[in-house]
Amino acid sequence: MPKVVLSSGSASLGLTGGVTEFEVEATSFRRLILELEKRFPGLGNQVEESMAVAIDGEIYQDAYAAELRPGSEIVLIPKIGGG
Amino acid sequence: MNYINSDLKVVGTRPIRPDGVEKVTGRALYSADTRVAGMLWGKILRSPHAHARIVSIDTSKAEALKGVHAVVTSKDFPAIKSEEAFVGEGPMNFRDLSDNIMARNKALYEGHAVAAVAATTPAIADEAMALIDVTYEVLPHVIDVDDAMKADAPVLHADMFTAGVNPKPATASNIAKVVTFKKGDIDAGFADAEVIFEGSYTTKPVHQGYIEPHACLATYNPDGQISIHASSQGHFMIRAYTAKLLGLDMADIRVNPAEIGGGFGGKTLIYLEPVAVALSRKSGKSVKMQMTREEVFRGSGPTSGASVSVKLGAKKDGTIVAAQQVLKFQAGAYAGSPIGPGCMCGFALYDIPNIDVLGYDVVSNRPKVAAYRAPGAPISSFAVECAVDDLARKLGMDPLTLREKNAAVNGTKTHYGPTHTNIGYTQVLEAAKAHPHWKAPVAEGHGRGLAAGFWFNIGGESSATVHINEDGTVMVATGSPDIGGSRASMGMMAAEVLGIPVAKVKAIVADTASIGFTFLTGGSRVTFATGMAVTQATEKVVDQLKARAAQTWDIPVDAVEWKDGKAFPAGTNAGAFEPLDLAAIALKQGRTGGPINAEVSVNAQGAGAGFGAHICDVKVDKETGHVEIVRYTAIQDVGKAIHPSYVEGQIQGGAAQGIGWALSEEYIYNDKGQMENPGFLDYRCPVASDLPMIEAVLVEVPNPRHPFGARGVGEVPIIPPMAAISNAIKSAVGVRMEHLPMSPPKVRAALDAAG
Amino acid sequence: MAKQHVTATINGEAAEFLCETQQTMLDVLRDVVGLTGAKEGCASGDCGACSILVDGTLVCSCLMLGVEAEGTSITTIEGIAQGDHLHPIQQKFLEHAALQCGFCTPGLIVATKALLDENPNPTETEARYWLAGNLCRCTGYDKVIRAVMDAAAVMRGETV
């Protein structure tokens, strides 16, 4: 099961009670969102709307299909914009 | 397909851009250049108060004035419920966006729109505005971020309870959000350190300073069909936000992208379009609106001003073991400053085991901040890069060596979580070290400074269509407004894939009805994401061209290859056919199946991060405090420069904006919270005589996720200048400037204080 | 109040227009005559995007009234090219990629023409100070100055 880290820089900590690392049965970003929503109601939606996922250092934004492999480093970070 | 190691014929060259001639002859049409017969002039009445309750608005006298055809206030806009979104490249709530374009209950900044009129001439519109009676209850205001955080500060939003704090506060404040990022154990890190440096820094709000003010021409037709002609960094965003704020269907709005006179992030939001549409609906005529320069300053979103503190701990050998940063950013009137990226970017350049960053998103009575080139990062890096420089001094180390020793590399875990991959920072530092500027002796009385910067760059959604004309020439259409010459790069990438000269390819920007959804132009994303869509669409077209040739020759399609703009039989077994070029295939397009084209939409991921290092030599006039930039070199990893001239242009332009931010630009407020310098005379942007030539050095560490290896380039260059200059001033005259801008009176005061 | 009738030469052609007394020359060019090449960046003479030549003198058209054009010869960006022949300044701006968004470009080109009409062999410093009245936010002026120096050399017949 891939291990997912919630970057501490998010207001989501309130929803997880301070937990920042999870093991989740998920091979895609979409599955991850659904699993997080089940485990911590509201977190899945928040992740979907306001966070990006960095998989082995590459940042994916708004990508349901982003692949999560068991060995990958998976970190949820705030969405990035630009100017 | 990946062309990174290919022999390239077009990509990497410097053709003249396809839209160039119309721009040098004055023919190009920008937002304010179009008129329609019978159109009205729309103008916005703005609050003179920084913070006030709007008690009542009486528009009756204005409505009665001859020549006035419509007057609108917030009553003409639907109430939007709270909905967090990513708007204009930053977090914002749609309810706040609605309130920003037309105030409902409170004026939250000087310049906040409270009403608008449409009249037959600008003069009548001005007269009408003077006849609108607004009764304000003036409230105490607060501007500065530190002041806004105080317990007794006037509170802007009664429903703002700081997010990210556990437990949630019981009283409302101006602190919208707190974010933290941690790595390792910061206390243990500092305990382990042998040398410590601490610094506190402030920056003032600055404006993106685009020379073209916001403008638009909107027509609401009696059947509800709306057309908007406007420049922006994203005409799809204009459509989406206008639809949202007026409660309309997107299909009923068509936005035609005018040429844009600069954006830099400031034109990713909307201000005028929904108002112009509302005025057009009410009056039954087209409405043209154009901000004055004063309105641009008073009423559109600049960046945050900020307070930042940095503490660094290192071993005597220069290994940085602990880094801490606290950032407080102004968000303007509504929550949503770039505090997140600000927290992430400062230390992203370093491999440090123990990091602790704390950030505050704070509202105050100024326009809502909009994105400005790498939002958050310039402020954060100003503080970090000055602190690293002073740490180097304390350690007795060369500042470049200290950065090299602690540089982030592939495999460095950042403090915000992800591990760096495919980055080019060490290559940038090596290029800096090898550069003649770094090696040149520093002239007598001058000082040299070095600073670096990091930005993520983004990908996102882009659509592109490639069509073969019946004569074999090629059209490329995308949905990305062209701010910096991107049309040239799009055409070049298509030409490269097809193997034809770029002169045979025409790239245009299509309107919202003519191309698939495309996210805005910003975040250094167009060459990456839209380029990816263009390349993929062109590859699909090549597949079709091969299939048409196969049909013409009556051979299997896998017996056809495409090279240098022609279909060839693949090997002698396929048949001795003369190659078919685009013109020959297009001539028979009907007979072989119909028009030849492809549209591709992507949500591009894997945008390569960018790093830059700038070297700056200054001369400080000790009598006046004036800082002269004597020599400037900007080194950046660009992945692959599709059109090197425009890549250099981005670097030079970003550096110039950073220099202005460093030396002369700032919002000056009076004690009523009103901006005192809303014009280019006193809001001092760099002019030609302020700057030397800016040497842009392109380091190409390919980004494997882009077909040609391109990384975004536009934002990184604005990050290093402020610290590079402060570091250079320190070298020159021994004083550390911690407060921006480092304008002559401030430098003079610092010199006086130093004795 | 009745409009004023003005007769002038604009880009070599006889022109006449009606305008209100308070209308600036910039507004007249853009809204009355229909030449939108000159741009409004600030309307206070600080950015140079509205630059035109009036009897050969470089002027911010936002600082001039339309009625002041009476009897003068006005050159705007639209009059710099000769038919379909770009002026060397325009050509060099393109070759050097001296424009990004292009908004300040008309003003810069007109100002450059005024510079080279007066001083065909400026130093880089002289060019920078002459053009200090034309704000550019995109380029950092580097490629602009290179284009200006190169155009000057072309106009002196030293290169093509």
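Chains here go by letter, A, B and C, matching the order in which they are written, and residues are numbered from 1 within each.
The criterion applied here is as follows: contacts are C-beta pairs under 8 Å (C-beta built on N, C-alpha and C of every residue); 3 or more make two chains touch, one makes a residue touch a chain.
Note that this is a predicted model, so its numbers are computed, not measured.
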item	value
Contact graph of the chains (line, ring, star, complete, other)	line
Pair of chains joined by more contacts [C-beta pairs], B-C or A-B	B-C
Label of the chain whose CA centroid is most distant from the centroid of subunit C	A
Approximate Å spacing (C-alpha centroids) for the pair subunit A, subunit C	54
Inter-centroid spacing, subunit B versus subunit A (mean Cα positions, whole Å)	26
Whole-Å gap separating subunit B and subunit C, where each centre is the average of the chain's CA atoms	29
Sequence positions of subunit B contacting 2 or more other chains	208, 264
Touch list for subunit C against partner subunit B, complex	20, 22, 30-31, 35-44, 46-47, 49, 76-78, 80-81, 86, 90, 93-97, 99-106, 109, 125, 127-129, 131-146
Touching residues (chain side subunit A, partner subunit B) in the complex	5, 7-11, 13-14, 18, 49-50, 54, 56-63, 66, 73, 75-83
Subunit C partner contacts - residues on subunit B that touch it in the complex	14, 16-17, 19-21, 23-30, 32-33, 35, 123, 208-213, 259-264, 290, 292-293, 483-485, 645-646, 648-650, 652-657, 679-681, 685-691, 693-694, 696
Subunit A partner contacts - residues on subunit B that touch it in the complex	84-86, 88-91, 163-164, 166, 168, 177, 179-182, 208, 264-266, 268, 338, 340-341, 343-344, 357, 359, 370-375, 416-422, 455-461, 522-525, 603, 605-607, 705, 712, 715
